[in-house]
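Order of writing sets the labels: A, B, C, D, E and F. Residues in every chain begin at 1.
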Amino acid sequence: MYAVEVRDHIMIAHSFKGALFGPAQALHGATFVVDVAFFREELTGEGVVVDIGRAHEALKTTLAPLNYTNLDELPQFAGRNTTTEFLSRHIFDAMAEAARTGRLGPGSEGVSRIRVTLHESPVARGSFEGPLGA
Amino acid sequence: MYAVEVRDHIMIAHSFKGALFGPAQALHGATFVVDVAFFREELTGEGVVVDIGRAHEALKTTLAPLNYTNLDELPQFAGRNTTTEFLSRHIFDAMAEAARTGRLGPGSEGVSRIRVTLHESPVARGSFEGPLGA
Amino acid sequence: MYAVEVRDHIMIAHSFKGALFGPAQALHGATFVVDVAFFREELTGEGVVVDIGRAHEALKTTLAPLNYTNLDELPQFAGRNTTTEFLSRHIFDAMAEAARTGRLGPGSEGVSRIRVTLHESPVARGSFEGPLGA
Amino acid sequence: MYAVEVRDHIMIAHSFKGALFGPAQALHGATFVVDVAFFREELTGEGVVVDIGRAHEALKTTLAPLNYTNLDELPQFAGRNTTTEFLSRHIFDAMAEAARTGRLGPGSEGVSRIRVTLHESPVARGSFEGPLGA
Amino acid sequence: MYAVEVRDHIMIAHSFKGALFGPAQALHGATFVVDVAFFREELTGEGVVVDIGRAHEALKTTLAPLNYTNLDELPQFAGRNTTTEFLSRHIFDAMAEAARTGRLGPGSEGVSRIRVTLHESPVARGSFEGPLGA
Amino acid sequence: MYAVEVRDHIMIAHSFKGALFGPAQALHGATFVVDVAFFREELTGEGVVVDIGRAHEALKTTLAPLNYTNLDELPQFAGRNTTTEFLSRHIFDAMAEAARTGRLGPGSEGVSRIRVTLHESPVARGSFEGPLGA
């Protein structure tokens, strides 16, 4: 199985609801370093999984509405805890849509799996990995 | 599949038995950077795999008896080579027990896999990954 | 010149005032990885600049009131932009006070310079370095 | 599943054919940081997957013919785009051969999977992972 | 002394002239990760050394003519070995000019020193640091 | 001021004497990642500070007697605490001697300063920097 993985980052504020989160119930923030890996069984005729440049653009487009915001105020996250693992899935869904609609260029059609990893600090990260269903 | 991964480190002395190990047969040491990833199919109601704070505590508790020791003198490792991959399994077993006994808090019960990675230097690491059997 | 440098991190929310800051005028956040280096001309009798354990504790004590907060609401920062370089100076002042009052243990008295570096993302950091005046 | 992973790097020139590659159609270059992970179900009697020293040597031997070259001029790559993911497979094939012929020392015979990861920059990497067929 | 430091990277081909360079006399390449630190005695009224966004843009503008090229063919480097330390000085000169002409925005006028660091591999880097003369 | 900096690492056991060191009084160990920076006012005719290859060799030669040892048993360290900052100075002295005796090749004669940094863990490092006196 082949993969290409691209990286970008966002700087956001948020807070969590639930005693489980202790001090993170207060409004705080994070620099999330975001890695997205695209998996494909075979390379395209050009010799790629997908074009790394287009993958970077698709990731940037996905992250733009989140960057420099307070996630607590975004309607798409109303009533949800925007944990590292929850956001990994949110970004996964957007990147899967980018692959399905061909926005990664040649190779988009054969992407079989995607893995999104968010690094929240030097000692903690979350991820979501799954297949590209229909 | 979702995951959260936490990191800590230990500073230990040890030596290896067997010509295979060349100069590492002499007493030497390592800073092991330890990553533990917990995998779960679904998030809990709070939106987590397990609480990252409790995961850090459980890892610290597991590493405490090893930190600042000569592993050659610990009874639990008598007659064994404490290689990077062997220690990965040792820590896996302890973290699996922490999950089974609920010490990671809500979500502990659904952890289906754990992966432990030990970085011994900038150019070498070992790991063990497996399911949480009964 | 000898130095020891210790690292910790905080997760905070804040916003900036001034058109200069563009999108960072909105409430957002950051994971700041904080490095503090202590410089000393000679080692103590024990062979250290200062004890690394005490240096870590002093840094943690300094960062605790900032961690998991919205810096915009802290009285000590009222009317100030809590930029990466501004926060570097804030932490410098606290660490300099820790050195002057002996909280770093033996060696505290001879610390001649301190450098504080804050990493805000993989592509940007700020710092403040200066002597320990009276 | 156990693994050991070793790292080395090469510095090469190359260019790509195809409008897909934009500015990378021009002759340029890369420092590729190369990670190779060897997977094995059980440890050997010595407590290893394979000897890390021998794994490093086998990787160095594989990379030597590529290091400090213009990949466009190497006959083994004639007519191919030496993308990050293509090179990952090239190195995979060589490392699989090293395992099959026992060049990793004791444990070589039980290596069941290999994963090769090439980091081309701080924000992009490629990989190939597969089983060791006959 | 305050500083802000920004990072970008380029992917280039080049070769060196002189027996000193051994295998690096052949055409090869590198991913250079480039850090540029701007030093200033005091912060501006906004609380910055210079705006990090403008610093990133100025660095990108400086690197654009080098990225995805064979440095051996660029007229500005004719007859020179484009070593890591030589390129550090080249980028220093351009960034110093950006500061002098106000392209870093408010704060440009007070930048007193610049340090440029180029990382060529995980085990080697070069740098140039100097004052901003007239 | 120009610099080139090279990196290597060692894996050692040691212990410290003195209540100051708490649990580190017990025999333990470390992976020390060692960076050595050579500073020079001007580049040589070839365009270098010193040859990076020779700098790597000189560092490897310096580290070899320490790698895979228990530092407590080495006669050159008898009666001393081999702290991170103490070892930085020890390596500084050896690298300064390498520069003075021309073992770094062309450019050796003009090296004016050396800085040695030892990383003992992801959160602690020590260093020594000084001029090359006679």
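As a convention for this text, contacts are C-beta pairs under 8 Å (C-beta built on N, C-alpha and C of every residue); 3 or more make two chains touch, one makes a residue touch a chain.
Given the structure is predicted, the values throughout are model-derived calculations rather than measurements.
K.L.:
Let me check something: if the centre of a chain is the mean of its CA atoms, which chain is farthest from chain A?
P.N.:
That would be chain F.
K.L.:
For chain C, which other chain has the most distant CA centre?
P.N.:
With centres defined by C-alpha atoms, farthest from chain C sits D.
K.L.:
If you average the Cα atoms of chain E and of chain F to get two centres, how far apart are those centres in Å?
P.N.:
The answer is 27 Å.
K.L.:
Round to the nearest whole Å and give the separation of the Cα centres of chain D and chain F.
P.N.:
Chain D and chain F have C-alpha centres separated by 31 Å.
K.L.:
For chain F, write out the residues touching at least two other chains, lowest number first.
P.N.:
Expected reply: 7, 122-123.
K.L.:
Using the touch definition up top, name the residues of chain F that touch chain E in the complex.
P.N.:
Touch residues, chain F against chain E: 1-8, 37, 43, 46-49, 51-53, 56, 105-106.
K.L.:
Okay, in this complex, where on chain D does chain A touch?
P.N.:
Contact set of chain D toward chain A: 16, 18, 20-22, 80-86, 88-89, 122-130.
K.L.:
Which bits of chain A are touching chain C when the two form their complex?
P.N.:
For this pair, the touching residues of chain A are 7, 9, 11-14, 23-24, 26-33, 67-70, 120-123.
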